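The same subunit A turns up in both complexes below, where it pairs with subunit B and then with subunit C.
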Partner chain A sequence: MTTGLVFDAVLAFSLVVLAIITLRQRTPGEAVVQLMIFGLLLALSWLRVDATDLALTEAAIGSGVTGALLLAALRRTGFGKPFPSAVSAWLRYPVTIGCALLGVVLSLVVMHTWDSPAGLTDLAYAHLKESGTQNPVTAVILNYRSIDTLLEIGVLLVAALSVYTLSGPASGTPVKPPGPIFRFYMRIMTPIFWLVVPYMVWVGGRAPGGAFQAGALLSGLGALTLLGPSPWPLRLKRRVVRWGLTLGFSLFLAAAAWMWQYGNLLAYPPDQAKNWILLIEIACTLSIGISLTIMFAGCAGWLHEDPKRAS
Partner chain B sequence: MPPPALLYALAGIWISVIGLRSVLVEEHFFRKIVASNIFGSGVFLVLVALARRAPEGPPDPVPQGMVLTGIVVAVSATALMLALLGHLHDLEKPDNQEDPS
Partner chain C sequence: MMIILDLLSILLICLGLFFFFASAVGLLRFPDTLCRMHALAKADNLALGCVILGAMYQQDDPLVIGKLFLIWAVTLLSSATGGFLLAQRIRRKFLAREGEV
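For the complex of A and B:
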């Protein structure tokens, strides 16, 4: 008990220190590496408060994909250039004082309301049997509050399309042809990815996992493929890319419309819920994977020209 | 003795406050993007810790679902900000004038 508490105190304190260190790095490259370390430790802290689903997602998306996006963008804008030290001085002191006050007020609020009765746990567990899944977090995001997730997939689609539109002609520095170690790594990792991604979707029904974690893994494979010996051009002209990108959102929307006959948007009848959730998860995994890969390629400036051709 | 989740909630508050300060004060866009990610992570940490307020039993899945949604929206926003930053970088390059079409 006490050991656990000491660990929690040290971890919570290190997270705050790491956030400060990340924001004080001199160059963008160092800041990104620090941010990724921060993300992984954050995922560790979420394991300590029993949020395994979130820890997986944070490690994969919050630390992994975000880091990859930031590093990809730095290929275009430069790693080593130090940040300009100019911070607007007249803003600095009032903003710092304001933020400190905000922190104090929020801390007091959280400490005072800590013992008030907990939120919706009982209600969420009471209907778990009818929700078509045994994982309460999956039940929240794909059944009770599936309208949020529908809109979220929409946000992801719009963001991917915006990145696609904004990325101009290839401006990134050319990719080095992959060496033998990378080729070997790809040969081993590709089948593993193809095993783990479907497993991740399937296991989300009863244990931590699901479409977001699986989609993030798929985008990892996508990013590796873009860097590898035979990059796969992600142009929207290609039918596979176009359909894959929009499949999650359109299927989700179709499900929402279909449920209208039962009286409510996205209210699955209990006996069909499991199949609908699985179908939506598979489609969303594919779309999330393609969206995140397009974002990675767009941030690196590789979308409109083969990385291979650029080298 | 404070409950462990309270420690994480307090850490989350201060992480988000530090991130918010940097978003407002820093002038370099890339640093603003990194700071906004830290700001978001702090908010997520507060929500995840609040889901574990009851010391026994399962944690509250509703804030957890909100954070799961939030992580994906945050990565989308980061990608969009970076694409805008890359576009700005291309426009500012003196040797590479964007064609007007």
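For the complex of A and C:
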């Protein structure tokens, strides 16, 4: 008990210190690395409150994918170029004080509601049988509040489309040939990725996992492939990419429209719920993976690159 | 039997923690990037290996033991590849600078 408390205190303290360190870095490259470490520690703290799903997502998307996107963007603007002149004190102090006040208010709210019954947890567990999944988190994400997830997928689609449209002809310096060791690594890791991604989708039905984590993994494979000797995703037909990009959102939307006949948007009938959830998860995994890979390629400036790359 | 397994676990995890500590000290104290990478790679290979081996002794399910081993194997592979790529970049930069002089 006390050991856990000490660990939590150290963890919380290091999070605050790391946040300050991240903000005080001189160059963007250092700041991004600190941010990735911050994301990993944040994932650890989600684990400490038994939110394994969130911890996985935070580690995969918050630390991994975000870090990769930022580093890819820095390839073009420079890792070591110091930040432009500091924000003026007139702006800095009010913002700092505002954030501190917000933090105090939020802490007070959390402490105030500490002893009250655990919100909607009981309700979520009570209807787990009809939700078509055994994992309460998946039930919330893809059944009870699937409308939120639909909109999240929509936001991701809009973001990927913006990157896809706005990035002009390839502007990033092409990658130097990575050499035999990286090729060997990819030869071993690619099949492992293709095993773990479907596993992640499937396991979301009863344990932590699901479309977002699997999609993030898929985009990790995408980014690695883009760095490797044969960046075949760049050579895909535009039409294929566009279909893959919109598949998740359109299928989700179609499901919502189909459910209209049962009286409510996205109210799956209990006996079909599992199939619908699985179908939407698979489609969303593909779309999330493709979206994030497109964003990575777009940030690095390779998106509309001439596909012939010296290897 | 259980006691022996527990003792082995504790011993291995403590050894792992010692190597993690040593590698953190190395990361902070070593003079240049190549030396620091050496310290980091030690953490991934030895320290994580010891901790995972220690954790394996606490498991009955062969599936979980297999997963633990896979974590170590993938980390080994990734850290070796990442270290190689970093070193390659440093070498190329160094050679480019030498060329200028």
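In this section, the second predicted complex is superposed on the first by the 296 of 311 C-alpha atoms of A that agree within 3 Å, B and C clash if a C-alpha of one lies under 4 Å from a C-alpha of the other, contacts with A are read in each partner's own complex, and residues count from 1 in each chain.
Quick note on the criterion: a residue touches a chain if its C-beta (ideal position, glycine included) is under 8 Å from a C-beta of that chain, and two chains touch if they have at least 3 such contacts.
Since we're looking at a predicted model, the values are computed, not measured.
Visitor: Should the pairing of subunit B and subunit C on subunit A count as a clash or a fit in the superposition?
Guide: fit
Visitor: Is A:Leu234 contacted by the first partner subunit B, the second partner subunit C, both or neither?
Guide: Touch partners of A:Leu234: none, neither subunit B nor subunit C.
Visitor: Based on the superposed arrangement, let me know which partner A:Ile181 touches: subunit B (first), subunit C (second), both, or neither?
Guide: A:Ile181: touches subunit C, not subunit B.
Visitor: Would you sort A:Leu251 into first (subunit B), second (subunit C), both or neither based on which partner it touches?
Guide: neither
Visitor: Just subunit B (first), just subunit C (second), both, or neither: which does A:Met189 touch?
Guide: second
Visitor: On subunit A, which partner's contacts cover more residues, subunit B's or subunit C's?
Guide: B
Visitor: Based on the superposed arrangement, let me know which partner A:Val140 touches: subunit B (first), subunit C (second), both, or neither?
Guide: A:Val140 contacts subunit B only, not subunit C.
Visitor: Least CA distance subunit B-subunit C after superposition, rounded to whole Å?
Guide: The answer for the closest subunit B-subunit C C-alpha pair is 23 Å.
Visitor: Is there a shared patch on subunit A that both subunit B and subunit C touch, and which residues make it up?
Guide: On subunit A, the subunit B and subunit C contacts do not overlap at all.
Visitor: Any idea which subunit A residues touch subunit C in the complex?
Guide: The touching residues are 176, 178-179, 181-182, 185, 188-189, 192.
Visitor: Quick check on the complex: what are the subunit C residues that touch subunit A?
Guide: Per the touch definition, subunit C meets subunit A at residues 74, 77-78, 80-81, 84-85, 88, 92.
Visitor: Under the definition above, what is the set of subunit B residues touching subunit A in their complex?
Guide: By the definition above, subunit B touches subunit A via 1-11, 13-15, 17-22, 24-28, 30-31, 33-35, 37-38, 41-42, 44-46, 48-54, 57-69, 71-80, 82-87, 89-90, 96, 98.
Visitor: What residues of subunit A sit close enough to touch subunit B in their complex?
Guide: Subunit A residues touching subunit B: 4-5, 8-9, 12-13, 15-16, 19-20, 22-23, 28, 31-32, 35, 38-39, 42, 45-46, 48-51, 53-54, 57-58, 61-62, 65-66, 69-70, 72-74, 76-77, 83-84, 86-88, 91-92, 95-96, 99-100, 102-103, 106-107, 110-111, 114-116, 118-121, 124-125, 136-137, 139-141, 144-145, 148-149, 152, 155-156, 158-160, 162-163, 166-168, 171, 212, 288, 291-292, 295, 298-299, 301.
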